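The first chain written gets the first letter, and so on, giving A, B, C, D, E and F; residue counts start at 1 in each chain.
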Amino acid sequence: MNFDRALFQDPTFCGCGTSYQESRVVLFGAPYDGSASFRPGARFGPSDMRRDSWGLETYSPVLDRDLEDARVCDLGDLELPAGNTPLALERVEAVSDSILTAGKLPVMIGGDHSMTLGAVRAALKVHPDLHLIQLDAHTDLRQDYLGDELSHASVMRRCFDLLGKDRIHAFGIRSGLKEEFEFARSHGDLHAFTLEEVTSLRETVGGLPVYVTIDLDLLDPSILPGTGTPEPGGVTLAELLKALNFLSELKLVGTDLMELAPRLDPSGASTAVACKLLREWLLLLAPDPQ
Amino acid sequence: MNFDRALFQDPTFCGCGTSYQESRVVLFGAPYDGSASFRPGARFGPSDMRRDSWGLETYSPVLDRDLEDARVCDLGDLELPAGNTPLALERVEAVSDSILTAGKLPVMIGGDHSMTLGAVRAALKVHPDLHLIQLDAHTDLRQDYLGDELSHASVMRRCFDLLGKDRIHAFGIRSGLKEEFEFARSHGDLHAFTLEEVTSLRETVGGLPVYVTIDLDLLDPSILPGTGTPEPGGVTLAELLKALNFLSELKLVGTDLMELAPRLDPSGASTAVACKLLREWLLLLAPDPQ
Amino acid sequence: MNFDRALFQDPTFCGCGTSYQESRVVLFGAPYDGSASFRPGARFGPSDMRRDSWGLETYSPVLDRDLEDARVCDLGDLELPAGNTPLALERVEAVSDSILTAGKLPVMIGGDHSMTLGAVRAALKVHPDLHLIQLDAHTDLRQDYLGDELSHASVMRRCFDLLGKDRIHAFGIRSGLKEEFEFARSHGDLHAFTLEEVTSLRETVGGLPVYVTIDLDLLDPSILPGTGTPEPGGVTLAELLKALNFLSELKLVGTDLMELAPRLDPSGASTAVACKLLREWLLLLAPDPQ
Amino acid sequence: MNFDRALFQDPTFCGCGTSYQESRVVLFGAPYDGSASFRPGARFGPSDMRRDSWGLETYSPVLDRDLEDARVCDLGDLELPAGNTPLALERVEAVSDSILTAGKLPVMIGGDHSMTLGAVRAALKVHPDLHLIQLDAHTDLRQDYLGDELSHASVMRRCFDLLGKDRIHAFGIRSGLKEEFEFARSHGDLHAFTLEEVTSLRETVGGLPVYVTIDLDLLDPSILPGTGTPEPGGVTLAELLKALNFLSELKLVGTDLMELAPRLDPSGASTAVACKLLREWLLLLAPDPQ
Amino acid sequence: MNFDRALFQDPTFCGCGTSYQESRVVLFGAPYDGSASFRPGARFGPSDMRRDSWGLETYSPVLDRDLEDARVCDLGDLELPAGNTPLALERVEAVSDSILTAGKLPVMIGGDHSMTLGAVRAALKVHPDLHLIQLDAHTDLRQDYLGDELSHASVMRRCFDLLGKDRIHAFGIRSGLKEEFEFARSHGDLHAFTLEEVTSLRETVGGLPVYVTIDLDLLDPSILPGTGTPEPGGVTLAELLKALNFLSELKLVGTDLMELAPRLDPSGASTAVACKLLREWLLLLAPDPQ
Amino acid sequence: MNFDRALFQDPTFCGCGTSYQESRVVLFGAPYDGSASFRPGARFGPSDMRRDSWGLETYSPVLDRDLEDARVCDLGDLELPAGNTPLALERVEAVSDSILTAGKLPVMIGGDHSMTLGAVRAALKVHPDLHLIQLDAHTDLRQDYLGDELSHASVMRRCFDLLGKDRIHAFGIRSGLKEEFEFARSHGDLHAFTLEEVTSLRETVGGLPVYVTIDLDLLDPSILPGTGTPEPGGVTLAELLKALNFLSELKLVGTDLMELAPRLDPSGASTAVACKLLREWLLLLAPDPQ
């Protein structure tokens, strides 16, 4: 090449330009929103986060660490068939599987919450004693949504079908059917409304492998209005960051950040929140460079 | 009919499908914004709330009650002549009157705040000892606004003309002319800036009939930007819900939720806040089913 | 009821308030956009058209007829499971079937184009010699889209599977894979780029029963930008109205108006175009009142 | 003043900085939209046109004339009471009256079409033989709109009450009730759908004083979507400019440009069209400088 | 003039209609956003604030003072060449210089933060012992941004070049390169993340002349999303108002309010926050009227 | 790599995935809008076109050719310093130079029109007898804009400084100062208002090397509202495509597509038009594959 590559912008998320081989943490987007019951738009989450990470520094003054040092690889976005959840889940499972098999940590950017099932299926194959930690506004425990068993409103129920009793730990939940709340209390580990009780995980999951799924509608809509089903009365960004700080000490084998629907918030503030959250989360997850 | 009605969506607000006859609480929309001094758009409030209530569950985990059990009837939206406040007020008064006469509780969704005058006129006819409780950012006590005595900026002054001294109890007020604040202090019961003092109503109104008017611009614009005249420095959703909890113990004979201008907030978060607020308010107001 | 129903707004589309029993033409919405490959949002088409028909007169000065006289019934919108095309198609087929069986003409408002398959399946059951007339920008003839055989990009191929050779007549097509154009030419009746040749249908379909599917992206994006996959270089509104005038003389047994994604065009002009088009189309289809 | 005024932006419309005394043509805004039946927002028309005229040159290459030479004074916007049409009309009439009395030509920027009544009342006082030329999509001839006789949907009927039979000449009309079309044909001079027949005015109004009211929804929504009641099927900008060219030869005593609702078209294209149209219209109306 | 000027709207910011001669505080806009690294739009800040101040009362119930009494003159907006920072800075410096020389207090409304350099250059000429107080989310201390030394990301570094060590006092900073934080700590007076330590200024600047620059992205994006580079995790409006209250007791010789990009927040809430903030800040700065 | 790259989306423009080495035509983005005089936003043009090309087929049914066969390489977007036009121009010139030196055809996607100067400087170095063909709404011939000589409003004047008399051929121009039109007529080859006279180039430039610069505001705003300075009264897409068809027969050595400001048109129609235009233009420019 007779031109200077350095004159061009880097298209990866905020300094995550490490090659796949050298990386320890691997980012990929799952731009699917076919199962969104109220408002679609989460399909634009990964690409808009990548683009708007341009406005974010790679350095975190709170953690005093830099994402450019964190050996994260950004693979880009999966090509997923709109409106066909089973096929989309297969692709998410396949790439998660590859990353896990290579001994790396998969980090998925959604996309609607239904995609989490694919990543959990892959993680469960490698870690049969997997526990699932759900930070979310909604129970997502319906048996089906208007007959659809793969809806984002049913994703935790499908995970329950795989994991069984007492292995889903839910925090921040503030919306659902009465039956879903009852199911969550009898078959899972429900901590409604706040994140205060995440520290209980030290006892309940201890050193077991965990997958952490973050549905961004957990945050109050004043902080993140750009999501398909905004649910007023949520947690603050500081509360979520504090919880992630705690969670980073567990044995994490996979994680995701779902349900940013960026164009529903034309101000871009929602995307900025999601980007900053992902930077801090990646810095907490990535090992110190040598 | 040879087709299955159950295949179709219910167009009423969030599970408020009880018939008029069987209902105890009756919802109606007053889609008028002719008197909005700064930015119109409140005319779209009722229909957009009804539509977006699709994204809200009928069950409240905080109150552990379900709106489907609450016997609320949603009549739909009045047909009101844009730009003719007197005619619009007549229609609001007429329907409020019918609901009150039938022994039911009218709940009006605005529309701009000027419409409250019609509902208060109807309530006063039935309850001559009515007190008015105003949760609002603005005093709304101008004698007139550029000559117009029926402006939303004058609605409380017109209510004062009907009710007389010491029968308007205002909370959360943080904006107005100097003269309006002075008038409110000398002729009414003003509690500026916060809702903390709503408990004083136990003494001031005791068991008397009250009408509660809620101007949504009471909330901080970070929570509800979609309103004609956003006024920074407002109360939180939790503070408002707490106040409503207290108010539900008074002898309520009518209420309204005004000034959502949904399209000013394209994220839909403002509408989601208004919907959730209305659900909780209805659950607090509706009698337990037998 | 002790109140005056006439004070309230009519929630049906533009004067289509005839009861099901008395109607000859029956409107229903199919708010599904799960299969939209590029941008979702067609799910909001039917409800936004109904709402914005408020800004449209029921009288057509061009046709000198009034929709209030046309005996059209508007059933409202189906409740469809986002992201599960097979289930959604079942519901569309069921309601189409009921309407056809009752001897009425079904008119579906989309929703994405995939839903047409459900309506065509119902029509074919009643009319085995059915021909399909497609007004569209895109071929929609892919065998599958990323593996999904029920994508809106495959809907005409699925119809072909049912109807067989030479029974799909396509007009206005200006986008597709090279293979799709070749398939359309060899297996169907393709008239690319314009609507000028619709008159050829007089010969090709004569008095046979026809289903007319209108994908609104047929129109140039300057006229209707609010659609999931805008394709520059389309036909004008006048050209489309002229074609519909001709088509109304055929033996129509069903029709639809698909792919309005109203919120992609915040000006509302796209919805206004779709509403006016539907009014004229209904007036052309509805028999003269006696 | 010790600072340089020339460093600052001129806040008037596109080079219309002539003083009132020296001016021949006087511009003012009537930011009222209280009577808009469908969507408000015309109140922002005048201020947004003034602001966006920043993107328009003062020179017209078609007319080879410059607005800076045309001696136009821009007075700014009237302060009008939202929701009180009678009071707003008084103010419009008062300022129109002053301008006419000073021997100048008033040019009003709307605001909704109801405001035209105020300007016509003033013009009629000075010119009892006034004729009214209406370029519009809608008849605006309802006796009242939901009981309101000053609605923008009734403005031409109110003008008829003042002017009497055969003195309203309407062009481009393509929407209205059947009764309105009949009234227009029997009591006025209706030329529906196009502007082609404006040349007939040479005979019908000859040298009589005329007021020209332009409702911008006359234009096709593809050209000007930013208006309260977009009506598909309108005229092009070239057709309107051609008609204005002809009209400028009549004995004009007042004119207006109504119903731009700029924020309904976030692209700003509608405002750009309105600004360019106003520039050309002013250049056609303003006398050559000496 | 034969017409009544009082019928027209006042185009200045919220009651700031005092003449230049009689004023003590002088407002002007610097509508420049050429140096915005992420998202432009701050050029629309001053004009949109002026326009939307229409929705704000001139009276502050918290301070019990009225802006109409405060003798503030609003000069309007400078005419600045987009994309040429050096020329724009010259114009800002020139007008600031005139205001300072006239013994008045200049208050600049941005525009992007780069413009602060022009105002600081003028202030430093008159007050060689000037200290600079920066309330901001970002360090703005880069030596250059992609080679540009006048970027808004370098503005504090350029001020440092003029002022020297220990004369920039920064509060609320939560974003920057690691090198910038190190520079800020070693060469300036950095108080990261919050405004709590502003009271330390009593000691560090005492009675010395200070210029206060407020970058509105200091506020949390939930409160003010309409800014070019939103940075989650910011201060609340109450915290900022409290800090301004303290700062108003220092010896202020100039100030600015930068980086509102109003159209990025279509709800207008950001502009409302900026307007209210400016009203309170002006009331704190303006001397009591006699 | 242990994962399947084919599962991921291709981030290049519409099938332009050829490597630099194998390519004949090279695409790059110049995301700079610092010099936009009216409304910024062109910086988002290249990235939004790349993203939305997802909704466009690679095959052109009009040309019966496919972009996947056309050996085009998409390098991505340059990293350019906002607000520093000279530095940005250097980078554009450098990369254009590399591409030309490698014997390939550079195609630049803007960005504002000022960037064309960089590309023309590079082309002139290689082709001293270069002619410039400008398709544009605006003259862009100001000596300077508020003192800035590198403004997008001066770009053609700066090109004139390099090229000299009679070597700029402008088509479609419909806006400018009177002086600019006079300059264009006396020093260049001006064809105002339409593109009809492009065929005259056969004589005026014959076989000489030409650079074609396309300012998208040439198109009528009904077709492409998403541009910084929309100028009503423009050409249609069909007229532009016809002109490009003719131009492709000249000896092209460089070209660009400037001034798409995609977010000004939230419907995405403007971006769709720009994408389709670029696809057709690339297919016309690229040699037939062997």
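Note that contacts are C-beta pairs under 8 Å (C-beta built on N, C-alpha and C of every residue); 3 or more make two chains touch, one makes a residue touch a chain.
Just so it is clear, the structure is predicted and the values come from calculations on it, not from any experiment.
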In contact with chain A and with chain D at once: which chains are those? Just list them.
B, C, E, F
Work out which chains are contact partners of both chain B and chain E.
A, D
At the chain A/chain E interface, shared numbers over all numbers used: above half (same) or below half (different)?
different
Average the CA atoms of each chain to get its centre, and name the chain whose centre is farthest from that of chain C.
E
Quick one: chain A and chain F, Cα centre-to-centre, how many Å?
40
Two or more other chains touching the same residue: where does that happen in chain C?
37, 79, 222, 265-267
Once the touch criterion is applied, which pairs of chains come out as touching?
A-B, A-C, A-E, A-F, B-C, B-D, B-E, C-D, C-F, D-E, D-F, E-F
Footprint of chain E on chain A - complex, ascending:
54-57, 59, 61-62, 64, 66, 220, 222-223, 237-238, 265-269, 272-273, 276-277
Which residues of chain D touch chain B once you look at their complex with the stated criterion?
33-37, 40-41, 43, 79-85, 87, 114, 145-148, 150-151
Taking the touch rule as given, give the residues of chain B at its contact with chain C in the complex, in rising order.
1-4, 7-9, 11, 20-21, 28, 31, 47, 51, 75-79, 91, 94-95, 98-99, 101-102, 266
Provide the residue numbers of chain A that touch chain B in the complex, in ascending order.
37-39, 173-178, 181, 192-193, 221-222, 225-226, 228-233, 264-267, 270
